[in-house]
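Pasting the structures here.
Below, chain A partners chain B and then partners chain C, in two separate complexes.
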Partner chain A sequence: MILEEQILPYMQWLWSGGPGSIGALPRFLLIALGLGFLGLLLGFIVSAARHGILRGGDIVYRTITNGVRELWETSPRRVWALAQLAMKEAWRRRVVVALMVFFIILVFASWFLRTDHQDPAKLYISFVLTATTYLVLGIALLLSAFSLPADFKNKTIYTIVTKPVRAGEIVMGRTLGFTLVGTILLAIMGVSSYVFVNRSLDHTHEVDINSLKKVQDAAGEYIGQDGRTSLDANHRHEVELNTDGEGKAESNYGHYHQIVKRGDRSVVLGAEGIMRARVPRWGKLTFLDRQGVPKQRGISVGSEWTYRSFVDGNTQATAIWTFDDISPALNYDDGEVSGLPIGLIVRVFRTHKGVIGRGITGSIQVRNPETGLASEVIPFTALDAKIDERIIPQKLRGTDDKEYDLYKDFVSPNGQLEIRVQCLEGGQYFGFAQPDMYLRLPDASPVVNWLKVYASIWVQMVIVIAIGVTASTLLSGPVAMLFTVSFIVLGFFRPFFVGVAAGTEYGGGPVESFYRLITQKNIITKLDEGFTTSLIQGVDLVFRSLMLTMAQVLPDFAALSTVAFAALGFDVPADKVYQDLTMCLAYVIGLSVVGYFLLRTREVAR
Partner chain B sequence: MNENSSFHRKIIYVVLLAILLFPISQLGSPSTLEDKGGKLAQLRKEYELGQSDLGEIDPASETIRMATLGLRGIAVSMLWSKANEFKKKEDWTNFRATLEQLAKLQPYFISFWKYQAWNLTYNVSVELDDIRDRFAYVLRGINFLKEGTKYNRDNPHLLAELGWFIGNKIGRADEHVEYRRLFKADDDFQNSFHDGNPPPLEQRDNWLVSRGIYEQSISVVDDKKKSIGQKNPTTFFAAPAMSQINYAEAIEEDGVFQERARAAWRSAANLWRDYGNREMRSSRGSMIRLGDLTRWELEVRKLQSEFDALSMGVRAELVAEKRAKLPAATLAAMGVPENLRSEQQRNLVNEAATQMQISIEEIADRVAVNNPEKAGEASRLANRIADINDRIFLINNNRQVSNYEYWKTRTEFEQTADALRARELAYLGNQAFKEDADLLQARKLFEESFDLWAKVFEAFPTLDLDSTTGSDLMEYVEDYTKILQQLDLSLGDEEVDQRFPLWDVVIANDNERKYFDAITEHNRRLGLNAEGTGPLVEAPAEESTTQEAPAKQSPKNEQPAAEAPAQE
Partner chain C sequence: MSDDIVIQTRALGKVYRDFWGRQKVRALKPLDLEIQRGEVFGLLGPNGSGKTTTIKLILGLLFPTEGEALVFGKRATDVSKNERIGYLPEESYLYRFLNAEETLDFYGRLFDMSAETRKQRVDELIKMVGLDRARKRQLQEYSKGMTRRIGLAQALINNPELILLDEPTSGLDPIGTREMKDMILRLKEEGKTVVMCSHLLADVQDVCDRIAILHQGELKELGRVDTLLTVADVTQIRARNLTADCQNEIRQVIARHHGELMEMDNPSTTLEELFLSIVRDSEARPGRRANVEQTTSA
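Coming up: the complex of A and B.
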């Protein structure tokens, strides 16, 4: 699977962060401090302007101390009561209509989705999960942004604030209530979409009797039949049957079928392997260049996308993965083969055609990183851009031709193992990224994986609700909606937003790109030196600083999404789920505090 | 202004609206199965302006276009951007899915279909390593383009593009051997491509299918009067014949000869003849036929002789007048023999030659002055001759573009028994060499093949030695030299030289001078120099002794010289 950002272990993510970044908790505290300071400053300036410096300072002090006390004394019972109120309000506002829209999308999806793709599951899963995400975020937006402003407009806010509730409880109650409504909707959507995907992709075939040919072994004995299935769902499978007429329809279009004998017919059963949740354990990737010098990356073959780097064939260039915590517990043994299961994705790049119709050969070798003991070379033919699921045998020969045990001899005492891959053909290249080799742990449950993906959608929904409720404490309904929409849109384009803010994107900042737009200059052309350019770039410097500051609080919705895991058939790592939930908690807590103070500025909430 | 007058005005407006409804309903009434409909519907049908005249109407496409609520342009821009992003990140599944969405949003945009089909067939396919995956994407691009032809039924550009993909990509790619085999064997594709009526196996050759598509594109131009836009008619209309020619070549490459190959070449010759007889618009707007060159040349010769008879002596008169006006220096330069002229003199003479060119119009004008009674006839002949010369120029140009003369000759000689047998022998020789390792048999077969090729060249003297056929033969010669090498022989050896009848072909096609040594030896045996342009000039035999003699003699010479003064 394509994983452009490494998923850090949870504790590392929380405390220390990855290379070039700080941990999530220190970042949250820094942002909280920054925002807190900014709030204090702003509050003091406003109060001082109204009431004078001393009195203004006193007001600010009291606001802070009262706020801390009130937040501390928040009553879960009152929050729950207000949450129930929010749920009733959502029901009254016909939030169920969203479900209707969802079902209509599912019903008509077949008009736009085809099954004649190499991997139809990817398409279907990606479609339903993305549609769910957009729909649920839309619901969250509309519910949260208009709720409080509607109460203010209809004066029903007085029916709440006249009760002994605190401003913080109003904010948290709304957030909780809408979250629960959204959760119920998500649950219904999750179940329906799972059923939809499975039903849409489920199919079967007939064995094409005319295609069956007898297979004989070297001694001329009949050992079975080979053939193919009928054409269904725009594809066929190659069929291998044993003498009993049972066997398998080989993998094609991301799935396979078992074939069983029923009466005198061989019957093809339903599709298997469409929904998978592979559990990978990733290692660390380094390279040796063609002279055998260690490097962090391989060479470039000129691809614009630099996710992968390449090793030259028939040279010392090698891709080396180092895996930790290897033990015999990872061993796979089905009676026929025993060894360490790995998944390997090779991106083949040819500089000449070679032998047309024949794949490029490579080699795999295991090595003990401490003793340097290396195994014999295991040749393989690269499956370009497909997952090659292989087993490194437990019993291996070393380069000295002696027999060794993988776990006892090639794994270091601290549980590390190196797996090295080379390309054997001159003029050809193998491309790798770190996630392109992984240890294959037993598959997880696709249903649980589906739940985890929905958890990440839930996290995004909760963040949008928190933003919407917070914005609506101060702004009118449409303005709060626009504010929340901006957050969502910027959140989805966060990497681009940060790129513009940091100056790494072509075309300069907002003013410069607008200037380029109206003067029809492309983003690469240098602007003429002069006063105008200097002015534009000066203003952009200010804008970009603001953007960088704002980027710290923008949620990265693209990174929060785990749709790609389900679409590609990989299990969402637990670390990722915990990280997303922690992010959600951080946003809810932070935005609740901000919402409390904003609501307190309103007359009604004093 | 009171309420009453406002009310009356409103009544008048309503009445006027009601009256207008009648002509509107007449003009705008839709056509049905039984009824032609109103004027607008009739005009729509007559000028084929309705959406259904473009092609299929797809409810999904209509739905998604309406669902964009006027923001179709933005949606399309975003999807194009997403498609490029997926292509960059090699996510082929999502790339194709995005193209399908785009196809629903802009089904009548021809360039979209051409561009993205090319992307799939030519760009995405080569990114995959397994040949079956590559072929799958080649077919996906072809299917994508075929879908485009459903939405744009009578578009000759899309049809021609489809013909090109099936012919050129499958038949000319490096993997063409595998692609052609897979194309014929893919029952599912053939079934769906031909809408449930797949042709029999022998008709499934990619070149034949390509030819069929090209013929469809031409019929759309001929029968439905569709325009080919900026396409060159010379290459557009040649496409079916070229596909048939490529088919004939391809089956011979696959080892099919005799009657099937002859039939294929015969069909190619017929198609090429039809192509030559087709009237096409030239770049200057006039209609020409490539096959009419001889006819026009004869016509112009006849008219020229009539004109010369009419204008006797006028040309010489005009030449003399123009010569008299030339500067003295130029005249002087013209008097110098050609091989003795300096560069400046040569330039002056060339300029003079240009200035002294007499056009047929000038002769006609002079005839009109000298013999007014012949003016009309002279002018008519001059105009006609100029017109035909212009036509001949255009025909020659266009014949060069399509290599008309070569393919005409080629389709004729390839049908002959000699050529068919020659190719068969070369094929068998190749097999004997590469598969059976029977060097002697392979050499014998190639030599028999070359003998037959020599006869073919003799029978068709207009066939250029350095044409495509020459290149084909060089491939056979290359294989032949490899066989000779294995037998410790070379092309330059005397026994091989005497047996080899295609020296002219080798000499004409040896651009890389691979056979320079062999050619030099051959020329030497014929008494020619290395280039074969003149007699062999033997290096003087005494050169080496003559050079030594002065060295030896000089001391002897010196001695008498030294002695001489003493004697004196």
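Coming up: the complex of A and C.
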């Protein structure tokens, strides 16, 4: 699971924010205040230029006071009437065609998606949810950008604005109507895609009778059989059966099967665990370097993406996760195994091939951060980017070979526990980021998780609708669409956009990039000093300031997406859902206010 | 502003400008106008004279370049004035995918009317404009005349005090035109104020109490229709069943008093009257040729 930004608890996110940032609410108010002031200034300049300073000031004053008054006069009945009209209009514009396109996509997916993929669920879920996102955003864009301009073109808006309808009600009505249409479509897509993924990946196997071998315990007593299943859906499983012929086809390709006895046959049931919602609890990651000196980060292996840092093998380099609030309540006990369930993802960076087909050996060790008591190392084999779910046994031997209890002896009085990971092979590296190790809490419901992912798609859809409707209050249909598309595209690449605006990306600002493009200079070549370069960089400074201002209101669509959570089988944290919904509300409110003033100051009959 | 003045314009003017703010056309030169409660007021003028611009300025669909328009004492851009206004645009700009009932119900909701009131009002208006049999048909299936009728119904959904009608008889057949004019007179009887703009002079003459004549954006004439149309030095006598002797005697009387006899003959009816008589006769006696002579002399 990749989490470049830590998901803060909702209230902290709302009020105070993370380290080095402010809370979402103060930030929203600051931006609203800043943009409000800019809007006021711009409105006054335009009005003063057209009508003179006094009349211009009067117009701006009246627009603001009317705006505040009309906000209180907003009628839910009128908003609902306009929303219903928008819905009828959407159906008339054959929005239902989108569903047909969606079903065609599912048909193509069932034909062309590979079922011999190592993790077919990830492939299917990722594809279906990504396709849904783009399709829904496309529909939201088309519905919202063309509706109001069509009313202006057909002049049907005349019969609306000559009724006691406030401009804000028109904006809210459209936004609500299209949101409801989109919600209905999303609900249908959500149910269909859930059924599709489960039905497509569901399969069964036969127990391969010829592969079964009897298993005896140390006393030589018969305790069951080992073997494998038949090859179906491009894979097979190892099988463990008890003396009654019942058991389990072990986890492979991201799922497992239960085996039951029916008559004299052992029957393999349908796949389980295809869709999971692991609930992780993350700790804090620090490092030791190769000399054993504490560091905040490991070393770089030359990757431009600095999300992970690495520990080098066969040295003292260690990744250390410190977990809080560890107690026996987290213990997992199924009668056979008892201990603390964890999940570990390792990015393996090899400087030599090693043994083909074998992973790289590493070790896990638990340590009491206060007493320094450490367990013996637990060896493991790391496969690149695989989720390794394991249990740290409750009864562990220490480095002094005595037996200790995990919760009593390795957990500090304030509930902290350290888990240390090292790479044991020289010349090989393990790469980690903080979310790569987690304590595994009981899985959440995959259905609820599916709903949460669809909620995040819904949030993106509503933001696009709000942008489209707001743009369409001023612009013609095609221009409003282009404007909204620009917002979406920039929103998907927001970190890069912010990087360009802040000057942290190579190649300079827009003008410098264009200059480099036409003069065929690469992005890291230094430009010759002189008037031209100064001019280019001066103009870029203005552009970059504008871009930085725009970046404050640009929605980060990539961060809003939770497709990766579902595809990798992780539960979407409730805090993230609340944050996304709050952000959506903020966009709708902010854009509705902007839309109100744009529509209010527009001559309807021009 | 007195309560009796429904609309007041003070030096109201409009200049259309291009994107760069350059003047394209002066659509309305400063206009001072007062429209009284309960009157039928006509804005007359050829195409491009500024009458529709005036209506749009009064409704707040356009913003004045100079001066101001007050409706019920409120600025034209104040949305709350629309509570008491009904507007029939030049074309009935309605949602063609709705049927008559849905259309009126939708506009009723925009006035925040309760469901019960809406239902009652929708029913009344549909019957009033004669669309009872087409109430479930989508507007895209309506003829021009039917569209105008539903347009009028939506303008009256809130039982407005002031009704603005832009070319109300355009596209209507003679029956529809007569019904529209009757409707305007009925609204006047109910004490409502009607402002209409039209270039069909006969229609305006038939229903308006006062008129303003605009030309090239400028007010050219304003006053009561009967006053403006009265020819002061001509006397008109209309009588029935006069013999030839009697007519000669009248001629002699006029001559004795040094008057100039301009015309004395049998008048002809209007084409509108003739047409309506034929239709009425046809409806009363279907399948028979109309007795025009008898009908028109009646």
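The rule is short, and it goes like this: the second predicted complex is superposed on the first by the 475 of 606 C-alpha atoms of A that agree within 3 Å, B and C clash if a C-alpha of one lies under 4 Å from a C-alpha of the other, contacts with A are read in each partner's own complex, and residues count from 1 in each chain.
Simple rule for what comes next: a contact is a pair of C-beta atoms (placed from the backbone, for glycine too) under 8 Å apart; a residue touches a chain by one contact, two chains touch by 3 or more.
Since the structure is predicted, the reported quantities are computational estimates derived from the model, not experimental observations.
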item	value
First (chain B), second (chain C), both or neither touched by A:158	second
Which superposed partner A:217 touches (first chain B, second chain C, both, neither)	neither
Contacts of A:336 with chain B and chain C, given as first, second, both or neither	neither
Touched partner set for A:403, first chain B, second chain C, both or neither	neither
Touching partner for A:80 - first (chain B), second (chain C), both, neither	second
Partner chain(s) touched by A:49 [first = chain B, second = chain C, both, neither]	second
Which superposed partner A:264 touches (first chain B, second chain C, both, neither)	neither
Touching both chain B and chain C, residues of chain A	none
Complex interface listing, chain A residues touching chain C	49-50, 62, 66, 70, 73, 75, 77-78, 80-82, 84-85, 88-89, 92, 154-166, 603-606
List of chain A residues in touch with chain B within their complex	2, 108, 111-114, 117-119, 122-123, 126, 231, 236, 304-305, 307, 347-348, 350, 353, 356-357, 359-360, 382-385
Chain C to chain A touching residues, read off their complex	21, 56, 59-63, 77-80, 82-83, 85, 87, 89, 91, 93-95, 97-98, 106-107, 109-112, 154, 158
Footprint of chain A on chain B - complex, ascending	59-60, 63-64, 88-94, 96-97, 100-101, 104, 128-131, 133, 136, 174-175, 177-178, 188
